[in-house]
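Below, chain A partners chain B and then partners chain C, in two separate complexes.
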Partner chain A sequence: METRAPGRIPSKPPSKRESEAAVQGIWSGTISFSLVAIPVQLVRAVDSGRVSFRMLHDKDYSPLQRRMFCPEEDKLVPPDEIIRGYEIGPDRYVLITDEELESVSPERSRTIEIIEFIDMEEVDPIYYDHPYYLVPLKGGEKAYRLLVEVMSRTNKAGLAKFVLGEREYLVAVKSAEGALALITLHYSEEILPDEDISPKEKKIETEEKSRIKQNIKKMMSDFNPEKYADRRRKKIMEILSKKVKKIAPVEAPQAEEEEGEGPADLVAALKESMRKVKKNR
Partner chain B sequence: MTRRVVESAGRRLSLSNLEKDLYPSYGFTKAQILEYYRRIAKFMLPHLKDRALTLKRYPEGVDKDFFFEKRCPSYRPAWVKTADLRPDDGERMTVCLVNDLETLIWVENLASVELHVPLARTGSPGTPDSMVFDLDPGDGVDILDCARLALILRELLFEMRLACYVKTSGRKGLHVYVPLNRKETTFEDTKKFSRAVAIIMQKNYPDLVTAKIAKEYRKKKVFINWAQNDSKKTMICVYSLRAREKPLVSFPLEWKELEDLAGQGDPERLQVLHSEAVSRAEKQGDLFREVITKKQRLPYL
Partner chain C sequence: MAGKAIWKGYINFGDVNLPVKLHTAIKEERIQFHLLHMGDRVKLRQQMVCAYEKEPVPVEAQVKGFEVEDGKYIIVDPAELEQTAPESSRLVEVHEFVKTVQIDPVFLERVYYLEPDIHVKGYNSLVAALKEMDVAGICTWAMRKRYYLGALQTSGKVLRLTTLRHAEEVISVKSLELQNIPLSEKELKIGSDLIDQLTAPFQPHKFENEHRKKLQMLIDKKARGEKIAILRPRRLKPTTPDKLLQALEASLKKVA
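Right, the complex of A and B next:
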């Protein structure tokens, strides 16, 4: 249910799914390898941090909707007239149906089956896609703790295939401060070629090299992400908080207050019926 | 953990922690919950049939944490019927369909004290088979105010040639259902209609009614929640237990009875306990039958 809370800006962009996801998780099932199966729930590990805005109509502050528009006919296109095409050239498309897409959609995973263990150091961070946590469910706590400990001690990660949403991902399951983290990985074909990136320069002078080395040494520090913040986000939130305190937020028209929202005949009939009800009482 | 394996209709069910008291301030064990649902099943199952069940589970009791579960647990027995939902904007998911007694007992063994279902069946997710007015009292008003309002609402709908039926929410409010059972009806229709009704009620009884969703308007008012008429929303199923101090039931009432009770002025008398629910249902049958059978058309749309 949507609620309005004037005078307060939530620290995160409000999202209906958020509170639900906190309890429910994104997925639940088991994580398994050889003979061990641990019931777990997948939860989000990061929030995008983006401040999102609604597009409003400046005349009455109604939230706006996106519609599909056909420039050829100069009109809005209803959902049942919309199909998908894969662009193969200028104005040339191959059509694909929902059924065809469905036929290749992988079935939802019930387990995260670890197929091999790897050294996490071997994985180039460029392969990291999105992090999640796995939370143990009832009855799985002990095995979960054991797996976390062994993985952290050996610095090993489990590789598994896992379907989330419509896609099958390659995922790495690793220990992260007493918990299991699951990181979806990019497939190798998603990694863009990098041959042209490093310049083919001639020899670098030794002197130059050691100067840079020294500079780096001087600037060495521990990694403290808390020191840094998204300054733009912080400033936006400050502006918004100030505005909420000083100026009343604008309100979208409450659709339910407007008689015009119901069909005229219905509203007229209701009025007439209500008149009769009141007379009889 | 204690387990007991039972057999019903040739299906094996492993029941756990039957002696656990899930209503500690009243004293009502999981075994008693299962027994309640076993006895009420005959009346309740037609209302659960082919609807995507949302489980609301209270594994540690009704006074402790609960969680919603929309997906049918993957460790379900093979005979549990499921449906695959493909919402336009959401993730696909597999949901449980409680179409028989064994499934009902199985979900109750998961301590899903409350059973919530949508107004449409999974085969026709865009077609609500009823329109609902969820009368939700704010602070300072109670179920008696809801009753007075429900009686007015019933007359208003009657003037529009629509029959309607009422049940307690099992918490503080009342739910008024208008059967439709026509495949032409959409949620857009029921939302438009119910909203117009809620607004006209608010206009005529401004001291008692609000049609506004925002919480700050609900003090001392009964909120007519028309927005429940949505494919994404669920309602507590008729005959479901509620997780309160006492095992109260969302139970159908006759209009005459509601009229009498509203006149008597004791809000507690509108609440129906588990034991009363069973004995009344066995005596009077399912007062909510018409909600899933009677065909009615929303006029003026």
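Right, the complex of A and C next:
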């Protein structure tokens, strides 16, 4: 079962408001460079931007929750009965616990250790995968501020590796408007060669090139993504605002609170189950 | 080899009209796990459950709702949403060109290689022009029932089309509510010197996904029934504000 989009660090289900979403931590640990260690939390830098719909039950208009289901016993499975398995044959699995997973690279599970600093201009943008922010935890505010400031002054970014859940990420940490942005990078082995699609004929027609340059010059501008609104989102919002005026909304019945949103992914599910196991000890 | 062609379109701006094929540029391989039921080791599947009744709900009894206020929804018919899908088109329209450095990496989403389609004419010239001017074309197109915003760029050899996130998808730094803490000039100076000392050229080939190999070894070991030694993750002691200057000085001494 693929529970996540490739390349994404697993995150908890998105919350409704941006302010909440921004501070919602995905991971917490330490970022270090040389002898300086800063306690930090990893948070999201992008929100899918899609209009968020909820799936409802047509009978009572109650929202639906994602749960794990055992087809053999025909019943729902609570998080503390879920375990991660690696398939070695039909219906044969090797079970791997969180502790075992952390044992693979224990030195990188809780620390983003900056190995070296680089000039971001040297990084081919094809390496960029997914952006996040780091925010300081209590006591780390000053050292965090310093790292932001000196990377901004020197125009450098830190290069680090760290392990989260089942994956090891190569990341660049750079300063962004007073914050630390963490961008996961692809490994070079993940970047496909482009030789086979590049034209065999390498000749460049000078006249044609200068004509294209003329065209480009006329169209030069400053990058301003605000100009390009998501057209689909706009259309959906238009339909919705028309509907809101015409029909009354349905109301969901009050549901009892239970363990919260269901497991969004493997890591979240296992963390949740570990918390429960520990609590019950 | 580049990934297989996934779409065909043509790049258009001014009097330039270039037919291209889109190829995926990234291939990720990862170790795949499944979620199992602890007792009987049966592979679990996801199931939507009614929050009120706590009972599984089959697909035909699921409806889409847009939350207008807490607990109140407008029911939306999928056919209505279908209307908002773009009409199919092959046009990748370049609206403007910007300096490449102006595009913050936070906007970059997915990269495709562009292969010349039908004829090569104009392709090499466009590659050379973009490279020499160090610019990217900001473009929009509709592909597979979705609208895309993208940047037409070049590596110097081939054209690339990178999808861009919309501005409203990017969470602002302001919302992080970071404190501005004063730093001494000495701290900043030593910090900057330290970074300069630790700077190296970017050599991505140096970094391998060692973890993946180690994880595979662990799985194999467990499959053979061997015991796994549990190693605790290391936690570093945070550098407190009063020890920051000292830590920076000691670091600089170490690398210098």
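Here is the rule we go by: the second predicted complex is superposed on the first by the 163 of 281 C-alpha atoms of A that agree within 3 Å, B and C clash if a C-alpha of one lies under 4 Å from a C-alpha of the other, contacts with A are read in each partner's own complex, and residues count from 1 in each chain.
In this section, contacts are C-beta pairs under 8 Å (C-beta built on N, C-alpha and C of every residue); 3 or more make two chains touch, one makes a residue touch a chain.
Since the model is a prediction, treat every value here as computed from it, not as a measurement.
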For A:151 in the superposed arrangement: first (chain B), second (chain C), both or neither?
second
Please name the chain, chain B or chain C, that touches the greater number of residues in chain A.
C
Thinking of the overlay built on chain A, is A:28 touched by chain B (first), by chain C (second), by both, or by neither?
first
Contacts for A:122 in the overlay, against chain B (first) and chain C (second): which applies, first, second, both or neither?
second
Examine A:110 and indicate which partner it touches, taking first as chain B and second as chain C; both and neither are also allowed.
both
Would you mind listing the overlap between the chain B footprint and the chain C footprint on chain A?
1-3, 23, 29-30, 105, 108, 110, 166, 254-255, 262-263, 266, 269
The chain B residues in contact with chain A across the complex are 59, 67-71, 73-74, 91-94, 152, 155-156, 159-160, 192-193, 195-200, 204, 211-216, 226-227, 299-301
In the complex of these two chains, what residues of chain A are touching chain B?
1-4, 20, 23-24, 28-30, 105, 108, 110, 138, 165-166, 254-257, 259, 261-263, 265-267, 269-274, 276-278, 280-281
